[in-house]
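Multiple structures are listed underneath, in structure tokens.
One chain, chain A, links the two complexes that follow: it is found with chain B in the first and with chain C in the second.
Right after this comes the complex of A and B.
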């Protein structure tokens, strides 16, 4: 390595990955239901897609975690987003592709994707 | 990329309680559950709570699992990692409250800590330079080489108010300035990693948990004073630290962060390791340099000071591991940031190794000026078994005791010196009412007698005589005259010994004499050891009213000192008793007591 730019490039690449080890109370929490029902309907690829996207984009203030059964097994995979000071948003019947969109639109730009939310889908 | 990181402590404490095996089992279980692509297992440095090892922390949930056993691993993997259910029964109990889980940073142990030197310990994988860079590593070196002149670097360190963390507390910036001011064809930067105080392990933990920070800081120091070569003097008894330093040096060279023309600035700097054989005196700066030169580790008189004529007779700076660990953060965040922490004359934070009679044995970093009471009662979790605090020992064999009357003293360099102790490198040993202070002084003198290099007479013979007098007192043969002799000899050694080892060796005696003279007097006049430690002054006695004649004590006595028949009152023959206390421990009726 001969330049500060190269150092910076490594730093940015690693920052997203190490960011997972941060712990602060004002974090946005993205929670994926990973009980038997969730796993059976494909929650794992959704979870990894979310986690990868958050780390690639270097979203230091977002943590992607998992939880047990949320109780709406027929709508799994379910993703819940808790932002400090805001109402919880629940996305249902997620796929890795939809998860990508959620990261792009909701987590980065702050636009809730209404068409995937439980309120909209169940009308 | 991984969705979850499992951090396992690989410090010396957790390694000895089996963390290597934990890592293997974790990896096997993770593979078995098909999570290999999703979950990373990372070996880190020390988390500080050594008493609760082996420690496993799972992110992003930040679940802190304490005292994890191999048998617990399948449950952690299948419940937590696979299904997202935190295994509450294995969590650090402080985190579990009635209204759910508390975050680690809110627990008593971590809440009041402020981690600068230990910033990366327990967070990154010390064997991976990319992780260090990911937390901002080597940025300070880049900034210094491209934006600062050597004088600006020195001014920054001066302004920060950083003082040497090895114990002396000499201003680091001033040390660098003096070395820079001396012209020479070659200068050296050395790192003192010869941590020798009994019970101290701050430097070891930094080297094990974050070795690159030391390399980066040494390169910065090299640039500041005009040196191109650095040496780290580390004791061979720290095998994990040595391994990780070697890995770190190789990685830094590969990345061009050590070697020629770093960051295209024209600055060359390289570092080599030198392993010490463990002599305590080699932590003294001149002895350390003599040892690096390949000679027997003996101190030499100062002046000339190392900044004038140090290693190989060239201008040299020698700083302690923890001092270096602060440098990159000072460069990045600015001297004002650092100077905003601590007290008027002691800035920043200090790492302490808590040991002795304390619940949370381990490593803590606190802002200077934190009262001793807070460190022991809140962060340290208090004294086990409801015993009473008697004294804290700081500075190891060179330091002294802080008695209960100074329990509220804010810890900084000058306060500790004013009460006859010293900051030292950071060992903090807590003592309760069961510790005999004369015995403690004797323990430290025994250590210095062993470790005196023998070069100068005051230390070689003086410490031996001090130890003899203490031995006499603890055997109940001391006289009041001995106490005066003891004190006189202490001052004589302090004034005449050649190096720091000898000059500070009497401190444990002087400070216990100052605060616990009554205990000395009790040994001499009453022939009693108030704490019940000194065997020669103890006798075990059977209470005739309580003895049921069960014969248990007579059977357990290793020296056949107890006589008595079944259902008859037993008696201890004091001439045969070796005061091991086995009978008292075994008696089911509480009939045996010591006096």
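Right after this comes the complex of A and C.
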């Protein structure tokens, strides 16, 4: 049985560091549609890939969250990106691999990957 | 339809979250001697009236036209019943809901359990305002994950901080392995 001692060690290490993660207005929000339609078409691994990549890249100003049905079930999994002061970007038919690209290109470098966006795919 | 039972569990738990639950209990129980895989999801959310319950379980018989019909509960029910299992919802308005699905463990139409740990990890780290009590039991060998216990140790270190998130992943993987010896379910 994995022990709670390890968890204690984590707390001791992290105490004093908390409060750094501010949910302020310069936060970028990455939102994954996780209703039945989203989950059935593969949203869970997409969400995991996004959370993992955001964590390993140390993107402290990005939060990954879930929402219900976005109303475009046939284009799930859907990922929406809300950056302060910019228009929402909607990526459709996502996969864990595409999600990783979105983190690299969009979230880190600021380049929207047009070919995955709803605007581009639907013409 | 879902491809894994663990995806149904994620979807059904999202109903509990939407119902305003503060505590969600999820139990996965494998009993080879009874040839049964049982999933129980209990919440302390808003609950449903008997009429609501009826239209949720049999959405195609409802007269409701004001909104699209939900698919989550019917999917889960169908998945269980197609394995000669059983399905039951107990709900009380104002106090909560319990959904129990029993699958025939070796039935040919049973979907794999899939990545239960990913479902639990996703639920915990994305809903840090809610408590989860997860119990996994394989032929009587069991372990639990109780976020209330974790919170007590952690103080104000959040459950979704990278270190804690990694710990939760390991906790689930190691303890499941200890309980079922890596048995493919």
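Here is the rule we use: the second predicted complex is superposed on the first by the 101 of 123 C-alpha atoms of A that agree within 3 Å, B and C clash if a C-alpha of one lies under 4 Å from a C-alpha of the other, contacts with A are read in each partner's own complex, and residues count from 1 in each chain.
Simple rule for what comes next: a residue touches a chain if its C-beta (ideal position, glycine included) is under 8 Å from a C-beta of that chain, and two chains touch if they have at least 3 such contacts.
None of these values were measured; they are calculated from a predicted model.
Contacts of A:119 after superposition: neither chain B nor chain C is touched.
Legend: residue contacts after superposition of the two complexes on their common chain; A:68 is shown touching both chain B and chain C.
Shared-chain residue A:40: touches chain C; no touch with chain B. Legend: residue contacts after superposition of the two complexes on their common chain; A:14 is shown touching both chain B and chain C.
Common to the chain B-facing and chain C-facing surfaces of chain A are residues 1-2, 4, 7, 10-11, 13-15, 18, 21, 34-35, 39, 44, 47-48, 51, 55, 64-66, 68. Only residues 1-5, 7, 37-38, 59-62, 82-85, 103-105, 123-124, 130-131, 133-136, 138-139, 142, 146, 255-257, 261, 263-264 of chain B touch chain A when the two sit together in their complex. Residues 1-4, 7, 10-11, 13-15, 17-18, 20-21, 23, 25, 32, 34-35, 39, 44, 47-48, 50-52, 55-56, 63-68 of chain A are the ones touching chain B in the complex.
Residues 1-3, 7, 10-11, 14, 18, 70-72, 75, 118-119, 121-122, 125-126, 143, 149-150, 153-158, 161-165, 167, 170-171, 174-175, 178 of chain C are the ones that touch chain A when the two sit in their complex. Residue ranges on chain A touching chain C, taken from their complex, read 1-2, 4, 6-8, 10-11, 13-15, 18, 21, 34-37, 39-40, 44-45, 47-48, 51, 55, 64-66, 68.
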